[in-house]
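The same subunit A turns up in both complexes below, where it pairs with subunit B and then with subunit C.
Presenting the complex of A and B:
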C-alpha cells in the first residue's frame, strides 16, 4: 500500500488493515451461513436430528424383548416362573401352547427366544433337583442374542433364589456374584451415545461444512478474486476458521444442553474442561476440512472426501458405537489415526466419570498433535496462487 | 493507508510501461497433454490507455492476466507490473492493481452493498471514505436502485458492472479485466466500454482488457493480438486494419443466395476471407488491388464489387491464415446438389404461442415462428433470453407449459419420440463421453440409433472423412482442441441422418477460423436439404442465417431475414445498421415500451 506516513506507525496501520480485512471476511462468512440453507441444515438441523435419533430412536439396550414361553403342563411352579419374567422390564413374555407354534413365531420374528418347559419340569425339579429347560435364542443379531441369553439366565437364577427362600432352603450355587455397575449404573446406552455424538456433530461442522464452503469459493471463482486483493493467506484461513469454530462450539453447546436437560445424561466433569477439549478437537476437524478443500477445490469431491476420511471413521472407528477393544488388532491400530477416537474417550469420561486426568491428558495431547499437523499442512499447502 | 484519490493527470507518453513481460513461458499439464499456454512472450503495456488483449479462447489471455496479477508463477521469464516483480512481490502489486476475473468474483448470496463492503474491507478503504466512494460507483454503474438485492439475482450485465465496481472500491492504478464482456448482452457491453474509457480519460487509470470479440479491438488504444500462446502483433487497432487497405470489398449478385456466392468465392486461391453480410459478401483478398469483378465468379455478368473500409477482424484472419496456412473449407468438397436445396419444402417446424414457465417465472412467453425445409434459422439473443429453453422444447426435452409446436409433422406434445427420430441435437456444453476416443464416441452413437455392421462402419468412416477427424480417430475426446470437439459433437448429432439439426451455441469459445469452418459445414448441410436451427450470441453470425428471430426476456422482438430486420431499424442516424445496431435498438424500444405501459 502506498500510504502516507501519518500519525500512526506503519506497523500499527498494517495491523489495522489486517483487522479490517479479517473482520470483513468473517462477516461475509456469517452472512453466507445465514443465507445458505444447506449450511444451516448441516450446522443446526443435523445435530438436532442426530441427537433425537440417538437419544430416542437408537438404543443398544435390550428391553421388552418378546420371549415365547412354551409350558407343556402348567402348574404353580411354572406360573411363578412365568411371573418372574412378567415382572422384568427386559422381557415381554408370550405364552404359547406348542413347540411348533413357538418355532413358527421365532422364524417369523415375532419373538426373539423360546423357553421350553417340558411336562415333567416341576416333577423333576422336586425329585432330582435337575430340571431341564430348553432355551432357543435367535442368533441373527449376535449382540442381542448374547444379552438375551444372559438375561434369561439371570431371571432363572433369580427365580430359583425366590423358590429357595419360599421353601426355606438354601440355593446351592457354589459362588454367588454380586455385581455393581459404575459410571452408568442404569446401563443406559443413551448415556454414552449422546456424549459421543458431540464428536460426530463437530466433525460434520468442522470438516464437512468447512471443506464444502472452501471448495465452493474455488468453484465459483471467488477465491481468485480474493487472492488478488492485499489479503494475506493467514487472513483467508482465519476468515474461515473463526466462523466455523464458532458454529462448531454452538453445535457443541446445543448438544450438551439437549444431552443434560432433555436426555438426562449426567455431566460429572467440568464444563470448562469439556469446552477446552472440544475446542481442541474442533481445530483438528477444521484443519482436516481445510486440507481436504485445498486438495480437492471442488465441492463434490471435497464433500465425498470429507465424509469418507472424517465422518465415517468418526462414526465407526472412534469407539462412539463400537468398542475399540473388541475390534481386530490391525483395526485397533488404525483407530489411532482417527482424531474422533481421542475426543470420544474424553467426552465419555467427562460426562460419565468426571475429570479423570489420566484419561483426559493423554487424549488431549493426541488432539494437540493432530490439530497442529493438519492446520500446519493446510497453512503450507494453501498458496496465493492458482496452481 | 490505501490510495483513495485518483492519480489525476496522467503522465502519458513518457514511454514508461506499466507492465513489462520478458520472455515469459507458462505450461500446464492436464491429463496426458501438456498445454503451452504462453510460449516465450514479450510485451510492454503503456500507461493511461486501454490495451486490448485480443485473441480467441485458449490463446493464453487468462494465463497472461493471472501472471500479471501474481496468481501464477511463470515457468520462464519475468513479469513486471507497476515497477515490481509480479511473482516475488505479488502482494505489493495486488495492493495497487485491480483485477476482475472472468466470473467477476462476486458472492452471489451477498447483496450488492455487502459485496462492496467486503471488497472495501479487503482493500483497506476506511469507513468514512466508503459512503462517498460507493455513491460514485453506484452512480457510474447505475446499480443505485439495487444495493440491497442479492448479487445472484442480478442480470449478467449488472453482475459484470458490480464486479467492476468491486475492483474499483479503491482507485487502482492498473485495472486488469479478464473477458469482462463475455456472456453479456450488447447493451451492457457498450455501457461497460463507456465506463472503462471514462476511467482512463478522467482518472488516469491504465487498463489491460482481454476479449475474444474481435470487434472490441477497435475500442482499444492499443491491441496485443494473441493466438495459441504467442503474440502475433502489438499496435494501434487502426494500424492493423490499415495493412488490409485495398484488400476488402463487398460483393453481391442479385438473385443469388449469399452463401452460394460465398462458396464460389472461397473456391478461389486468392481469397483470404469471405463472409456473408446480409445480401452481400464481405470479401478479403490476399493481395492489394482491384480484382476484375466479372472474373471473380464465372457466369455472373451482374456482379457488383465495392471497396469497403478494412476492420481489425480482417487483419486478424489474414495473420492467422499466414500462420496456419489453413483452408477455410475443403475446396474439393463434393458439390453435388442436395435433394431439395433452398427453402421450398414447406414448414418443417411450426411453433405457435409457445410458453414455458418455471415456478412463477416465464422463461418463454408466447413465441410464434415457423421454419421451412432446408433453411438456416437463427435464434439470437443475450443470455437468459429463452433461446435454450425454446430449443429444449423443440427437441422434446422439455414439455411446454402452453402452446402448439410441431416438428417434422409430429406434434411434440403427443408424439415426442416420433419427432425425435428426425432431430439431431448438439448441446451448448460438450456432451460426449470425454474418456472415450473419437471412434468410440461415433460407434456409440451409431449403436444407439441401431445402425450396425457394414452400414455402421461406413457411416463412421463418412464422419471421420467429412469432419476431418481421421487423424484423431484414436485420441481421447477430452484431449481434443475445442474446435475438434465441436466437430465431433456435430458429427455425432448427424449419425442418424436427421432432417432437422439443432445447434445450441455451437460456436461459442471457438476461434474465428474454426467458426468460419463450422458455418461452412452448416451451409453445406442446408444445401443438402437439412433444416438447421442455431442459437448464437455472436451478432455477426446472424447474417449467416436465412431467417432469424431476435429474442429477449422470453419474447420474440423481431422475425425475418437479416435484411428485413436491419431495415426495421434504419434511420437517418444509422443509415447502414449492423445486426448489433438492430439488436440494441430493438431492445431499447422494447424496454421503453415496457416502461410506458
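Presenting the complex of A and C:
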C-alpha cells in the first residue's frame, strides 16, 4: 500500500480488522435478535402495550365528578343554581335531602364534594344580598380537590351571570380575569402526558434491553469466550449498542406514530430534531443499562437497580407529572441527574410548542454529557472486571 | 410438617440475606426513595415563575401585583416592556405565566366599571397550567372582595364558603406519601419472591426440593414467609417515617391498617410466586416482575385518579391489588376510615392472593423441565 508497507500497513489493516470484527459482532447480535423474539418483543410490543395502557390510563382530566347537593328548602332560586351544575360536563350532581346523608356519602367515597344550601338561602339572598353557600370537598386527593373547587367556582360565576341577566342588571365584577392558554388551549392532560410517557417507556426499554443482553452473555459464559478473541472491549460494547440502538429507535418511531395518530397529540416541531434528540436519549438509556449490568454482580441486584434507578425516578423526578419548580431545592438538584428529565422537556416542547432552540439545545447538551459519562464509565468498569 | 416449613424458611432467609449487596438492596433504596419521592412528588405549586407586562400607571395594578408577589405561590422573574416579549419569555420557559394589565386598568376601576386582566399561561403541562390559573383566580377574587368592600359596591348576591375535609390545606404530600408505602412495599415484596423459585430452577435445586418429602403446600409456605416478614418490616419502617418524619396524620386504627398490609403483602407474594414458578430463569422472573410492576404502579390511582380512566381500563384495575391498598392507606391515614368501611377493599386482595398462591403451588408440580 502506497509504497510504505512497513508503516501504514499494520495500522490500516488493524482498522480494517476492527471494522470487520465489529461487523461480525453486529451481525451475530442481529441474528440472535431475529432468532430469539424476546428482544423484539421488548422493543416493539412493549412500547405499544405500555403507551396504549398509560395513554388511556394516566389522565388528570377530571370529568363527571359526583357532587352531592343538599338543598334544605328547594325553590326557584335553588333550582336555577342546580341547573348550572346539570349543564356542565364536569359534574354528576346527586341530589341529597339531608346533611348527615351527604356526609355519609362523602366518607364512603360515592361523592367527591358537598354543596349545601341552607333553609334561609333564598331569604338571605333577598334581604342581605349575600347568602353563603357551603362547599365541602374531599381533600384526600389534593390535586383533584383543587381542580374540583375550581370547577365549582366556575359554575358559581356562570350562575351569577345568569341571575344578573334574569334580573336585568349586569354583573359588575371589578377585575375580570381573562385567561389564554398557549400550546394546549383545551388543557388536555393527554397532550403533555403522552410525550412524557414516551420518555419513560424509552428509559425502560433502553435499560431493559441492555441489562438483559449483557447478563445473558455473562450467564452463558460466552463473554469469556469473547475475551480471548482479538476483539477489543470497545468493539464488544459497540457491537451490543448498534443493534439495540436500532431496535430502540424503531420502538421510538412506533411510539411517536401512536402518539400522533391514536392519541391525537399535535407534533409541532420537526421530525428530524425529534429523531436526533431521541437518538441522544436512547444512547444515554442504553449506557445506563450497560453500566448497571456491568456493575451488578448478580441478577437480583441488577433487577432491583434497574427499577430503582430507571423507572421510578423517570416516573417521579423527570417533571413528567410533578412540576420540578415546586420541589424543594435539594431534590431539584437531584433531578439534574435523571436523564429522562431532559428528554421530557425536549419532547413536551417539540410536540406542543415546536422547535424552540433555547429549550432544546440545553437539554440536548445535557444528554450528550450524560451518555458520554455512562458509556465512558461502562467501558472502564468493563475492563476492570476482566482483569 | 412445621419443622420442614421452618427449615425451608430459614434457608430462604439465608439465601436472601447472606449476600451483603442483596441485603442492602432490600432496605436502603426504599428508604432513600421514600425521602426523595416524598418531597418530590407534589402537585402543589410553589414559586411559579411569572412575568408582568403592566401598561397601567395607577396604584391599583400595583396593589394587585403585590398580592401575587406576596402569595408565596408566585415569583416574579421579569417585567416586560412590550407585547412581543410575552411570547419569548413563555417559549423559553422562563415564565409559566404572564400577567398583562392594560393602560386603563386603574381608571376603569375608579369609574366603577370592569377592568380586564389578561393572564397568559404556558399549557405545555396542562395540570400545572390549570393550577396556576386557579391560584391566580383566587388572588383576583380576593382583590375583588376587598375592593368591593372598600368602595361600597354591592358584591355578588351569594358567595361560596369552601372547606376541604381530611386535608384542610390541600397538601398533595398527604395524598402521595401514604401511597408510597404501598408502592415500595409492592416493589420489594414482588422482587424478593419473583426470583425465589426461578433461582432454584436455574440452579437445579428445585428438582431436589420436589423429591424430598416436602409437599407443595409446605414449599409455598416456606417461600411465602421470608417475603412476608420482609414486606411487613419494610411497610412498618416506611409507615413510621410517614408519621414521624413527614408528619402525615394517622387517624384510623393501626389494626385496620395492618389487616390491609397483611392481605396486600399476601396478594403481592402470590403474584410474585406465580411469576416465579412460570419462569425458568431469573432473567425471565425479573422481566415478569417488571412487566407486572410498571402497569400495577401506574394504574393504581397512586398519582392519577382511577375515575379519570376510560371504563375498560377501570375494570382492568380491579385485578390490581395495589388499587385496593391505595384506598385503604389513604382511608386509614387521612379519613380515619373504620374497619367495616374497608371490607370491600380487603376481600378482593384476599381473593387475588389465594388464587395466585394456588396456581403457583400447582405449577410447582406440573411445570418440570
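Operating definition for what follows: the second predicted complex is superposed on the first by the 351 of 387 C-alpha atoms of A that agree within 3 Å, B and C clash if a C-alpha of one lies under 4 Å from a C-alpha of the other, contacts with A are read in each partner's own complex, and residues count from 1 in each chain.
One rule holds in what follows: contacts are C-beta pairs under 8 Å (C-beta built on N, C-alpha and C of every residue); 3 or more make two chains touch, one makes a residue touch a chain.
None of the values given here were measured: they were computed from a predicted structure.
Applying the stated contact rule after C-alpha superposition, one finds that A:353 touches subunit C and leaves subunit B untouched. By the document's definition of touching, of the two partners only subunit C reaches A:316; subunit B does not.
Once the two complexes are laid over each other on the shared chain, residue contacts for A:220 go to subunit B alone; subunit C is not touched. In the superposition on chain A, A:17 contacts subunit B only, with no contact to subunit C. The partner that reaches more residues of subunit A, of the two candidates subunit B and subunit C, is C.
When the shared chain is aligned, subunit B comes close enough to touch A:25, but subunit C does not.
By the touch criterion defined above, A:305 lies against subunit C but remains apart from subunit B after alignment on the C-alpha atoms of chain A.
Residues 1-4, 6, 13, 17, 20-21, 23-25, 27-28, 31-32, 35-36, 220-222, 224-232, 384-387 of subunit A touch subunit B in their complex. Contacts from subunit A toward subunit C in the complex involve residues 38, 46, 50, 53-54, 56-63, 65, 106-109, 121, 125, 129-147, 149-150, 152-153, 156, 160, 163, 171-185, 187-189, 191-192, 204, 208, 212, 215-216, 219, 296-308, 311-312, 315-317, 319, 321-323, 325-328, 330-331, 334-335, 345, 348-349, 352-353, 356, 358-359.
Of all residues in subunit B, only 1-3, 66, 69-73, 90-91, 94-97, 99-110, 114, 117-124, 150, 166 touch subunit A in the complex they form.
On the side of subunit C, the complex with subunit A involves touching residues 19, 21-22, 25-26, 29, 33, 36-37, 39-49, 64, 90-93, 96, 109, 112-131, 133-134, 136-137, 140-141, 143-144, 147-148, 151, 153-168, 170-172, 174-175, 187, 191, 195, 199, 281-283, 286-287, 289-291, 293-295, 297-299, 303-305, 307-310, 313, 327, 330, 334-335, 337, 341.
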